[in-house]
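What follows is a single structure, written as structure tokens, with notes after it.
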Amino acid sequence: MTAADQNHTRPDGRAVDELRPITITRGWSRQAEGSALIEFGNTRVLCTASFTEGVPRWLKGEGTGWVTAEYAMLPRATDSRSTRESIKGKIGGRTHEISRLIGRSLRAVIDMDALGENTIVLDCDVLDADGGTRTASITGAYVALVEAVEWARREGHVKREAKVLKDSVSAISVGIVDGVPVLDLPYVEDVKAETDMNVVVTGSGDFVEVQGTAEGAPFRREELDTLLDLALSGTAELAQIQAETLRGERA
Amino acid sequence: MTAADQNHTRPDGRAVDELRPITITRGWSRQAEGSALIEFGNTRVLCTASFTEGVPRWLKGEGTGWVTAEYAMLPRATDSRSTRESIKGKIGGRTHEISRLIGRSLRAVIDMDALGENTIVLDCDVLDADGGTRTASITGAYVALVEAVEWARREGHVKREAKVLKDSVSAISVGIVDGVPVLDLPYVEDVKAETDMNVVVTGSGDFVEVQGTAEGAPFRREELDTLLDLALSGTAELAQIQAETLRGERA
Amino acid sequence: MTAADQNHTRPDGRAVDELRPITITRGWSRQAEGSALIEFGNTRVLCTASFTEGVPRWLKGEGTGWVTAEYAMLPRATDSRSTRESIKGKIGGRTHEISRLIGRSLRAVIDMDALGENTIVLDCDVLDADGGTRTASITGAYVALVEAVEWARREGHVKREAKVLKDSVSAISVGIVDGVPVLDLPYVEDVKAETDMNVVVTGSGDFVEVQGTAEGAPFRREELDTLLDLALSGTAELAQIQAETLRGERA
Amino acid sequence: MTAADQNHTRPDGRAVDELRPITITRGWSRQAEGSALIEFGNTRVLCTASFTEGVPRWLKGEGTGWVTAEYAMLPRATDSRSTRESIKGKIGGRTHEISRLIGRSLRAVIDMDALGENTIVLDCDVLDADGGTRTASITGAYVALVEAVEWARREGHVKREAKVLKDSVSAISVGIVDGVPVLDLPYVEDVKAETDMNVVVTGSGDFVEVQGTAEGAPFRREELDTLLDLALSGTAELAQIQAETLRGERA
Amino acid sequence: MTAADQNHTRPDGRAVDELRPITITRGWSRQAEGSALIEFGNTRVLCTASFTEGVPRWLKGEGTGWVTAEYAMLPRATDSRSTRESIKGKIGGRTHEISRLIGRSLRAVIDMDALGENTIVLDCDVLDADGGTRTASITGAYVALVEAVEWARREGHVKREAKVLKDSVSAISVGIVDGVPVLDLPYVEDVKAETDMNVVVTGSGDFVEVQGTAEGAPFRREELDTLLDLALSGTAELAQIQAETLRGERA
Amino acid sequence: MTAADQNHTRPDGRAVDELRPITITRGWSRQAEGSALIEFGNTRVLCTASFTEGVPRWLKGEGTGWVTAEYAMLPRATDSRSTRESIKGKIGGRTHEISRLIGRSLRAVIDMDALGENTIVLDCDVLDADGGTRTASITGAYVALVEAVEWARREGHVKREAKVLKDSVSAISVGIVDGVPVLDLPYVEDVKAETDMNVVVTGSGDFVEVQGTAEGAPFRREELDTLLDLALSGTAELAQIQAETLRGERA
């Protein structure tokens, strides 16, 4: 990061490598086996984890579990109301893409054998969208997932000693705005970013997903490197917040 | 109400004619022109009102406005996860029915000429379902609607002096459980009710909708009368809570 | 009913509490286990009852039966042609709502244990629509249902002594037109009704469904009472016509 | 036709070249601009013709009209109930195929310039299906079409002197059953026919459509010739019945 | 054929009874059990045959096999791009109709008992469309089918001695253009044909399907006869090309 | 790359940094404005570019053009037949995701102002799938796009001097298989890759898209770097092949 970047003024006054205020409210949903309401600034996503015994037909008898995710936005999570996908009668490409990303990200830290023939579905419903909804979803879904696994252990659906979660996982967006690489973009930065990247990282600091897109000009190798540095610092911080939340050390 | 009814013990200890704790949080959604998070006990519904200029094609040039509603449940608002209607690719009959009911109920208190050629869409998304989601939706949507009309007046989309809202409107469920007529049924009472009725009433105490259904045995004329009495007492209370909320007299 | 109401002139010259000419033709369909072509004035609905052994998966092994209904309109049952729902690729809200109403109404008079693990599907296809199609459907479907149950008894699918039908059921529309409560509204009255109510009543005179809607001004308790009186007189007459039809005492 | 064929016994006792009893009831539908209930033995099809001013977008400004058709079956027109296509959410191949056939058949006798920029939609709804529903549909739809054209002439939508109909059109099924060519197959013959052919013929005796299908063994040129002879005799008779019906010479 | 017909000049200079250059490339697809890329002039269709053990549920335990077909066009097989049916979310009537025709045509030459409880799906994807795509599909699909049956015999899925194919099958279009009957119409002739006929014929010269349609004026019996003569000469030639291709006598 | 990696034996004998044989056949489709059949080893994709005047409604009057893409697989492009998405009635998530990726990749090298109010749709239909279908699609679609732009210039739809293409673009897959980073994975390597990355790069060597996914274990920063090196060497080679193809220097 150059000195110039350090002087870059962001719309909300944050430093280029600073996260928005992060809040994770565990157990927000009364009915789900696991749940978390996660906030990245104004972005609010309700993540629930639904645990059921059994697996989809194509996995039966394999002795391993399944974890999948569905992402959706409330119609008025955005500035102007969008038509419900249930009304349109079909799921849009963006929704599909994000649901698949969330599912892959969480499967990366699950030991499916330890989970046994059980299924966990993660629902991430965006109540308020201000950029970074997919990375907030992954970060919050991890907390809901941990709760659901704990529930399953208490209820005897998975063995007491089974190490179902191999690591934690969180995600953050980074991007190049007005030529400056920045961390955790709100909507106003997102729409003008030349490059937009979502990075999913384990608690150990390894990559699960790197999805970088040139929205404007193609990006150079050095820019890519800087963005990855920013992302790793952000996900390290998120991993700590997740851990504190799960230990009950945060409100 | 007979003395016997007065002694009837409800699962949550309420009197037969007592509402669950009602909470209405105005302005819960940052982006909508009007919004309210309404709670009837554990039932939580996020109601947003989206105001747009213009009307559907079939109303163009009539000089009158349009108000419509869409109801939906988050997949894990219920005890066991339900498949999203967007995934199924079609809206179920129950969803259609409730969306239409909410729309009709709010149109009953709107002066469409005073609204002018503008459209308000009410979205009622159930975050947690414990019975009475449709009546909570109507009651909360009214508050969101008032906010949206106020917004439109401030922004000059409707005339300062136009009396867009002719009255307030709220709704409550009543039913016969174990032979006893009761007010505001949570899920555990709802599933065992012999008769289930949803009643929509204006602030002046007139009926907008009366929908009574014999789930078990058909109901007698006297039972219907008792249920209507209960409903009118409940909606009177709700109308007062709405008014206090809108005057800012409640937290 | 006031003297003024008695003097009210209806478009077709009927008294306010007078049904349109009712015709029920049993066995109209050659192939169904039960069928009736019912006419309420110009409104014509073909009701068929299809009996099949077995029940939907979620009922298997319970020892009880299932009755459900589907309502539809031919595209040119109405004044201007409507697009087929099969072409649209989805069922509209109104169709869903009416199908569900018909199903609930008939289930209210069926003893599901006596029916055994058998399913009866009632199809109500409107050939000509002049108001009151849902109430004609219920009234006609009951006759088709009786035929199907008799067929099932003859064929040995239900026990000879089983009392499958607990009561009869019929339905009628009532409404307030130009301030006057009237019975059995044809289309021209229906479109201008301030209040529209559909009432489903057993042969014993108890309520199965009461669905009242303020299309214009909300309605008062006294108006509701008058409408219910009208409805009960209408359904009593319909119950008699059903009985005579089933005894073969009507052409 | 051989002597042996003449001795062939059909399930309903008809001669091999004999039509079932044909009944055409004009004006069966109160609301459509043209309508006919047509019966070929037990097969009953309600045909309505809906006239509207204007044409689909791709024809606008060409000065010519449009005629199209939609075919459907009521769910219980058949021996066992079939699922509604509206419920399935899609039109089946058979329905598409028959709708297209009916539309082409009627367009063949319409002078689109004489019709002017107007559209006629023919709906053929099968109330009872006993074989030959597509040919009954075409034959009945022609009568409904004539009525709609007459209506349009009376109402001034087409010029008084315009010769909109160039000829009449009717259709019949023929087939080879147990090696014997027969005319107008009911369901019991249809299912066992080795070859099945539907032939659409103008009043002048020219072909509009010939659709022959080997259901079992392929058919020889001579068999094809015999089937065409049978079909031409059948359609000649149908053309006469249509003419008598339209002149009011039949009940 | 008259002398005048012989002098008729076709856009591509062919004689009225002359096929376009026909090319069949066997085994074009690396993965399918059988495949052929067939070209009728510019028309190119990729036909694949997929063999799977087992049959659809409704055929299970009958000991007989099943053959079905699906036809589709690439979006830019035509002069202007057409919207994909997958994007539209539904299959069009034309696609359904042609898929069904291909399936019926091939089933006509298959001995389902000899095939045993196995299924073959024929996919005919039009890569370039210049008229006659359905007849090219049938002709090419037959070659793919033979390959798949040979594969199944080699792999032991059908008995070595089983005579699965009873005959060969091919198809050609014929039509009346400017009053002259012609064989194998490319797009430019097809759009102006007064009559259009597709004829499916076995190697033995018997008919499987005859589908003639008057696009303009109805056609006379003599015209039909001439068209059938043309079609039989074309399919005889195609049958020879198929046989040579399968014997490896053509490049 | 370590010496160990150099010794890694791939299923097809290639070096770890070696592309499969690449073939691009320009102008394969007779009807499209631009087209290319591209082969990466056994993977074969037909890419067509359809040019139309005008833009989608939301872009009208902006003076800029639009480029979009649709990806699909023939049902038997794969080892076992997959159901057509047109039959399913909906587009799958994977298809959506890839279509969006191709569209974004090509838009990155288009100057939309220079294109003017014109639309180019790229269709990438996979005829044979052996891994890398999305990267082959992007690489081939670029060639089709160039042809369509040249066509539009010749036809006067874009200005002679307009520099519509800012750069070339190609794409390649890289991955970690058995711990070894490799370039251009065929299906057999793809299914066992621990990490799978698709990289889209301009002719100048800058990134348009980087999409890396840990299918098994998360990947380390150094692994990511090695994969990017491999990808850049591959895309440099592809860019040269594209250029030679467009200059007509390759067969």
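In this document, chain identifiers A, B, C, D, E and F correspond to the written order of the chains, with residue numbering beginning at 1 in each.
The criterion applied here is as follows: contacts are C-beta pairs under 8 Å (C-beta built on N, C-alpha and C of every residue); 3 or more make two chains touch, one makes a residue touch a chain.
Just so it is clear, the model here is predicted, and its values are computed rather than measured.
Engineer: Please find the path from chain A to chain D through touching chains that uses the fewest steps, and give that number.
Structural biologist: Step count on the best path from chain A to chain D: 3.
Engineer: Go ahead and note the Å separation of the Cα centroids belonging to chain C and chain D.
Structural biologist: Centre-to-centre distance between chain C and chain D: 34 Å.
Engineer: Provide the C-alpha centroid distance between chain C and chain F, rounded to the nearest whole angstrom.
Structural biologist: 60
Engineer: Taking each chain's centre as the mean position of its Cα atoms, how many Å separate chain A from chain F?
Structural biologist: 28
Engineer: Show the residues in chain C shared as contacts by 2 or more other chains, in ascending order.
Structural biologist: Residues 89-91 of chain C each touch two or more of the other chains.
Engineer: Output the ring sequence of chains, start chain C, direction chain D.
Structural biologist: C, D, E, F, A, B
Engineer: Which of the residues in chain A come into contact with chain B in the complex?
Structural biologist: Those in contact with chain B are residues 29-32, 35, 42, 46, 48, 50, 52, 70, 72, 74-81, 84-91, 95, 121, 123, 125, 127-130.
Engineer: List the residues on chain F that touch chain A in their complex, please.
Structural biologist: 90-94, 96-97, 99-100, 104, 108, 167, 197, 201-202, 204, 206-214, 217-221, 224, 228
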